[in-house]
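Chain nomenclature is as follows: A, B, C, D and E, assigned in order of appearance, with residue numbering initiated at 1 for each chain independently.
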Amino acid sequence: MNLNFWLPVLMLSSSFFTGLIIFFLKETSTRLRTALNLTGAVFKVVAVHYMAYRLLVLDHIHQVSFSMGLGFDFVLRVDFLSLMFLALSSNLWLVTTLYAVGYLEGSPNRSRFFGFFSLCVTACTGIAMAGNLISFFIFYEFLTLVTYPLVVHRETKVALEAGRTYLWYTILGGVLLFLGVVWLQVIAGPLEFVDTGALEALGPDQHNILRVIFLILIMGLGVKAALVPLHGWLPVAMVAPAPVSALLHAVAVVKAGAFGIVRVIFDVFGRDFAGFLGLLGPLAVAASITIIFGSLRALSQSDLKKRLAYSTVSQVSYITLGAAVIASFSTVGAIVHLVHQGIMKITLFFCAGNFAETLGLHNVRDLRGVGRRMPITAITFTVAAFGMIGVPPLAGFVSKWYLGLGSLDGGSGWIIGILVASSLLNAAYFLPVINALWFETPAKEWKTLRPSRFETPWMLLVPPIFTAGTALLAGLFAEWTWSPLGLARQIAFGMGVYP
Amino acid sequence: MTTLLIYAFTSIILFSIGLFGLVSHPNLIRKIVSLNIMGGGAFLFLISLAYHGRSPDIDPVPQAMVLTGIVVTISATAFALCLTRRIREKTGQCLLEHCPDKPET
Amino acid sequence: MGLIFDLIIGLSLAGVAWRIVRVREHFQAIVLFITFGLLLSLAWTRLKSPDIAIAEAAVGAGLAGVLLMDALGTLSSTRNQPLPGRFLQLFIPCLFLAGLMAYTILFIPADFQGLGPMVSEALPDTHLEYPVTAVLLDFRGYDTWLELGVLLVAVLGVLCVRQAGTIKGSMLPAPAEPVGRWIIKLLLPLMVLIGGYLLWLGAFAPGGAFQAGVVLASGGVMLWQAGHPSLALLHHVWWKILMISGFVFFLILASSSLLYNQQFMTHPEAKMWILGVEYAATLSIAICLISLVLASPARNQGDQRARKTES
Amino acid sequence: MGRGLMALAPLPALFLAIKEDPSPGIELGDFLLKSSLGFGPFGSTFLLITSLTWFISGLYWTLGPQNNAKSRSFCVFFLLTMCGNIGLVAARDAISFYTFFAVMTFCAFSLIVHTGKDLARRAGRIYLIMAVVGEGLLIAGVMMAVFFSPSHYFTDIAPALARLPETHFVFLTLFAGFGIKAGLLLLHFWLPLAHPVAPTPASAVLSAAMIKAGLLGWMNFFPVGIASFGSWGSVFAVLGLGGAFFGVMAGLSEKDPKVILAYSSISQMGLMAFCFGLGIIDESLWIMAAPAMYLLIFNHALSKSALFLGTALARSDRAWPRKDVLIIIMLAVPALALAGAPFTGGAQAKLLLKEAAVSGPLNETFLFFLTISSVFTTLLMTHFMKQVISIKKKSESSLGQAMVWLMLIITILTLPLISHLLYQENRITWTDSGLLFSSAWPVIAGLIIYLFLRRQVERMSAMFRQILPDAALIMDKLWYHSNARIRQHGFLESSWGQMNFARFSERLLQRESTQRISRELELRLSAWSVFGIFFMLLIIIFSLFALWGM
Amino acid sequence: MPELLILVPFTGALLCFLFPGHIRDVIGLLCAVLTFVASIILTGNIYQNGPIRLNLGGWKEPLGIGMCVDGLSVLFIFLTGIVGLLVSLYSVSFFSKANNQSLAKHFWPLWLFLWGSLNSIFFVSDIFNAYVVMELISISAAALAALSGTNASLIAALRYFLLAMAGSMAFLLGVGFLYAQTGTLDMYLLGAVTDGGPLMAMALGLMTVGLIMKTALFPFHFWLPPAHGEAPAPVSAVLSALVIKGSFYLLLRIWCTVFQDTTASPQTATLLGLLGLTGVIWGSYQAIIQNRLKLIIAYSSVGQVGYLFLLFPLVFITLDPAWKIEAWTACVFQTISHGLAKAALFLAAGNLIHATGTENLKSMRNIADRLPMTTFTLALAGVSLMGLPPSGGFVAKWMLLQSILASGQWWLAAAPILGGLLTAAYIFRILSQAFVSDDQISCCGHVSFVMEKSALLLAIFSILIGFRSKEVIFLLSEQVYFVIQGGIIP
């Protein structure tokens, strides 16, 4: 009953109560709000790192559980897999908060925005720490709720429409997930993520039901993970402000779905058992279709954020793909891509936000020659985009490398083809943007919407620099023990799926 | 036994007629009258049961129930009629079909 | 002989009920309804239930008639409505329902006992001689109490619907008629006398609080109908207190049992208590019923306006 | 500062290469995926040639006129590309190799489009497409190669691939992936577009150094000298020879000297590919082919950069007095070296190559074609000289640049001596008249043919170019269509495939008719008669059900 | 203790009837607090000591009327207590507004009467007594529904009242049939005495239909939206949260004690479940297409009530006792969480309408700015209605779905799934209005602190109840009277 014991709860409350307090702040008390936000975020980062230390070095798993009295417990456990997502969400929250403060300077309804923003991160943290499927579901639904106000933040007609679409999808996903979770509970009792073998012990007569449950669960999670054909909400939700899109795409919503899929495969069914049931092959195919489809669609978007959105559709499925292949390398690839994709995509959205906010540019065509006007933003964009394509030595390459090796190891070499095709398509939709940024001449004079000392206010500049730098370093020093890849390997080792 | 059956049948018929009147007649007063007929049917059924009892005196429990029921029914009738008249005052008609589905002013 | 009588009563009840439902004119329907009430009390008498017969005669035929007539008075223009369609659609299920119920009635066990024997067994413990009163006030006193509550709530509801604060506001007597007053002068003492007698009788023979209250209420209504101002003279606070007296008396009695650490609603063994309850109940039943009839919106201006617009 | 760096940056590499100390290299455990840097099996040669070329080009640019506004970005990308190029030479594992390869490839793009002209844009576009395709093929190949071997070090990869039965697909991807960079026949078409449009020093490194990266890739991944793959070797040899002839034939009808040089690069790379192919066909041949190849590389790198730089000098008009004649004369030196005139490194290389070819299969045929190829090279070089002479002067150059170039020429002249020292065992004695003759006659024959049959040659060349379709043009069209047309077409239209089922369900729920019908129904339900029917029916049904269940 | 729960509100009602002005508010509030405290204590008692039975007047079962207090009744009492207290608080402020002042004198006595009679119906153990109490509830509820005095509210109230009367009459006739079969009126004796027969079947039909009419189950739901939508906010809250629950409680009690599975055949249970399912979908859909805020919420009640009836097929058909208890708990839990959430919604809607001056959802503006607390209330209550975790609604849906899946009656799963989706659709139709701001429109009504907070508290309770499911389950599975009586629940 010491501090260490309550650490998971503290993690949750650091953003939860921040959010709640912010709701009650006046619109004008900007400083207090910013201070609160940053304090919460920093606290969370520190706590995560402390927990990572305890877990990885001291081998101590934090766990708190409360009885719900319904045949299941509400469990918060920081295990290896949680740690990755936790680290991602807490660090990126800090960055995004900074960005959002700069981005929304002077715009209305900021208290509401930051309140929900904090709650959103709380939900993410909860998703990461959930120790069983039910706790996971609880936070999953919480996430749906608190992201809705962020999506409709602009209050325009389009935003409301997008919000509605978002809700339809996510609520449907939630309902499906609910069904799956309940069903699983009915046939197998409460399933902690630690007792993986329980389903295997059920006997062959239950196998068909288990297959159906798996399908339902994946469909429920696939909505947020934007698996085709459940991805429809993602491009629409682009109307949200840039920090929201960044958070939605890099950390919160999409990742929650992907993380859930990883959880279901590894900690609920057990990867080998799922493979034995013949579930992973179709999942890999679905993920591959999503990867290709998303890239193809991104190719034909002329709106930068929409292009990025479809790119997310494609990229996030790498995680699913990696989880769906029975090979240690794939697992590492999936886990590490969770982080890498987050860093890179958030950079891209920061940059898109900077272009939109500083010069009012939304369309890819308008970006011609912006590299000269906003070199730093353009550089970070370039770095992240190359990372997305999978060009070494950036982070994206590392995950692709592991995915590729894993697919060979898992006996499904065709996935290499998917990876290559996707890389080519990624290049096809990112390189024209980069080309336009750097090597084309501007069509007209830009009018600066936000005059500042630098190319854009520093709060909008630091976050992309930081994340792009991280993306670069994560690739360059991938082999370092505490790099994302190093962590992913330790995690996979901890999960018992890495030699 | 035969008496019981006669009155029980009657009570059933009364109940059904009352029900029929309630749902078929548009006028509110007639509906309320029909409800009273339904009530009458139900009471008659209870009393016919009371009469049926083997004991020399008739069963006092249904009687007490019916007495209570009568008072309850008259109270309800008075309340319903009051509502009816109020509606009649305000809208000028005594029907419930096609009630306006929009807020007033 | 008895059977034929039963049959005739049954058939005429059914016939009258049918006419009530199907007749076109509302006025006719109400007259028929009063007839129906009288027929019912005849049936009650036949079924050896004089208490109910009295109550029915006073309530079903009397008070309900007055209420309905009163309500109809404001509705005179809406008569002669076409009867609704969908006759068969409704009638056939109704017939089925009746048939089903009639079929099930055949299964009433021949050795049906009811609670009669038990009541007569327990009767001595109640210190009351008449079983119906015993059931009403002792065995099922809770029901009776709540029934007084229903009356009270109905009055409250009427007030609420009228948006009137007190009963008195709407209790202007009807235009005085000399003949009516004369009749009242004759009838009223008789009514009070009958009521009192019924109340007294209730302890050991058919009769009791209900019947007395209903009779008194009928008297009060007549008094008002005749344009006699005497009721309106009562201060509205008194009016309220009288109205709730029965309920309150019961309530006090019931809660006092808690003080003795006994079961709820257990009353002291003295007969006086029960009689006290009965008297209070009679009064409040009478006053409540009178209020129900009188608090209904009489011919005020709103009505007249409505009538004008229609004509 | 930045400009200085351009010249200084390759110096450490140059120093290392010259020092030629077989150091064990370094293991960077945390860097990338455990990368290892050092001299690969072929390291020192490649490192020497690469760093030298970059050094010269960098120096040339540094000393040039300082009036270019965009020079800073050029400088940055020049350095980055250099980093990639030198890095890939120093890489000892597949991943670092691929990494540096990618860095080089993508950074080179900006060198190509540096001038910002339309031509450069187009060339850049095609270069980028090909580069991306190449990278895609490579990543697949590298992944498979690494997967099939015990580690990602080159020392493990090639032997592992040699033993495996299922390597053809790996080879195919690697072959094509590096082939694009190396300008192999059929994959070459981006090269004549991209190389010339860059600024001169960039062209020089593109043609001289970077193009070799493809070759190095092959050498690193293919089990050359370890196992024999007759089929793959033949493919290399045939395509290489084909490239050697094609480059010449196609280049003969060009007017721009830089384009001619680019075609010449294709031709020379063809020769190198052929040489490499010999090594693959039979592992024993590699012992002989390798020195030939090194010499070819040396010769080509130095000569080609000298030619590119010289072309630029020839265009300028302020370098020094009486320059025209001097420059032209001096320009002939690398041209002759490339053609394999006696006393040049080129001749030396060709002789070694012929020796290797003689001991291989189909020796007669190969020997014949090799000899003919010398004639052809001379033809092309003559054509080049003619075009250089007739160019108009428009650019500026400084004296320093000229000096750099001069140094380079001198290096080329001394190359035979160096190689003499380097390759003790198979040095060439120029005193042997037969040898002298055999290397001299193709040059003379080529000169004569060009002088007398120039028109016919050019016409033939123009006809010849019709044989292969202009892939660049096709790509252009493809690009245009995918951008302009298809995008507006139904299937690729931006909102297609959005699959917004939410909108669908909203439409379903909120549609006028649905709402009207449901409101109507609701009104019906509230009618007394409907209520009555339900009321009675439900009582009946409930009772009957209860009876039924008893 | 149970007696007090009836005596206190009734006394309060009489006092409120007698006294004028502000004393009335004080008395009303005092009674509300007392009743609330009593219900809490009673709940605690039952939780610890198990069910009790009082024989009123000291007379034993067949003759006297009993009052039966067990886990089931105590939960409803608890619900009524919380909702009652907060609605009373709300009403003090609500009826002190200028345009509502005259209504207070009618509201208080009627409301307290209603409260008392609701409490007494939760103790009921005698079927005729149930009839009387139901009439008491019907009249007071109808009078309250007519409180605002508008045309629409009067018509709605009368329609409700007539239907309730018809239902009561059917119920009364059912009582007659039961008496004819068994000669007794006590529920628990009835269940023990009989083993079915046509009379019981008929009684089942009559009573069930009579009660589902009052509970507003699907084909009989049409009276509810106008009646609940037209009443003043606190009245709507009470009507939707509690009054329809009264008749549901009775139905549940009668089916579990009187009919059991001797009379209540699987077919009847399935029919009820089918009606419930239809109700869920139809009510929720109707809520989606409404434009008036209160009508949306009222239709939502129609939908939510449908869930409750899924209990019957699950409990009366499933065989495994553990899942029976689960289903049974789920539906009762749903009742409670719906009661709390719906009361919160109606109170919050009252605040909104008061503040914006319009009832049309589409013309509401600047909600979130002006009434952040109310918006929050709407959101919380909405969460509970949608069944999102960790609210009470979630726990209910969780257990419901679990027992549906375990029982193998797949078709019932459509209710929580489709219902959840449709519920989300209308809840978010309301909530998305919170994000529409318009600078042009200025504030027009002030919402008092008490009004905001009482609604908020209700909403918070509807969430918090999700955390205390263990106790509820214990009450419902261990402390239920008819378990001991050998009822259908093992």
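Everything that follows uses one rule, which is that contacts are C-beta pairs under 8 Å (C-beta built on N, C-alpha and C of every residue); 3 or more make two chains touch, one makes a residue touch a chain.
The shown structure was predicted, so the numbers you read here are calculated from the model rather than taken from an experiment.
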Contact network partition after subunit E is left out of the picture: one piece
Chains touching both subunit B and subunit D, listed by label: C, E
Number of steps on the shortest touching-chain route linking subunit A and subunit D: 1
Pair exhibiting more inter-chain C-beta contacts, B-C or C-E: B-C
Distance-to-centre winner among chains (Cα means, whole assembly as reference): A
Subunit A and subunit E, separation of their C-alpha mean positions in angstrom: 42
Centre-to-centre distance between subunit D and subunit C (centres being mean Cα positions), rounded to whole Å: 107
Centroid spacing, where centroids are CA-atom means, of subunit A and subunit C in whole angstrom: 73
Centroid spacing, where centroids are CA-atom means, of subunit B and subunit E in whole angstrom: 26
Residue numbers of subunit C (touch at least two other chains): 84, 86, 90, 94, 97, 100-101, 104-105, 108, 112-115, 119, 139-140, 143, 147, 150, 153-154, 157, 161
Of all residues in subunit B, the ones touching two or more other chains: 15, 18-20, 22-24, 26, 32, 49, 61-62, 65, 68, 72, 75-76, 79, 83-84, 86, 96
Sequence positions of subunit D contacting 2 or more other chains: 529, 531-533, 535-536, 539-540, 543-544
Interchain contacts (touch definition) - all pairs: A-D, A-E, B-C, B-D, B-E, C-D, C-E, D-E
Residue ranges of subunit D touching subunit B (in the complex, touch as defined): 523, 527-529, 531-533, 535-536
Interface residues, subunit E side, partner subunit B - complex: 128, 131-132, 135, 138-139, 142-143, 146, 150-152, 154-159, 161-162, 165-166, 169, 172-173, 175-176, 179-180, 185, 226, 292, 359
Residues of subunit E touching subunit C in the complex: 2-3, 7, 10-11, 14, 17-18, 54-59, 62-65, 67, 102, 105-106, 109-110, 113, 117, 120, 128-129, 132-133, 135-136, 139-140, 142-144, 146-147, 149, 154, 157, 177, 179-181, 183-185, 197-199, 201-202
Parts of subunit A lying in touch with subunit E, wherever the complex brings them together: 23, 67-70, 74, 108-109, 112, 137-138, 141-142, 144-145, 148-149, 152-153, 155, 160, 163-164, 167-168, 171-172, 174-175, 178-179, 182-183, 185-186
Subunit D contact footprint on subunit C (complex, rising order): 84, 86, 89-90, 93-94, 96-97, 100, 104
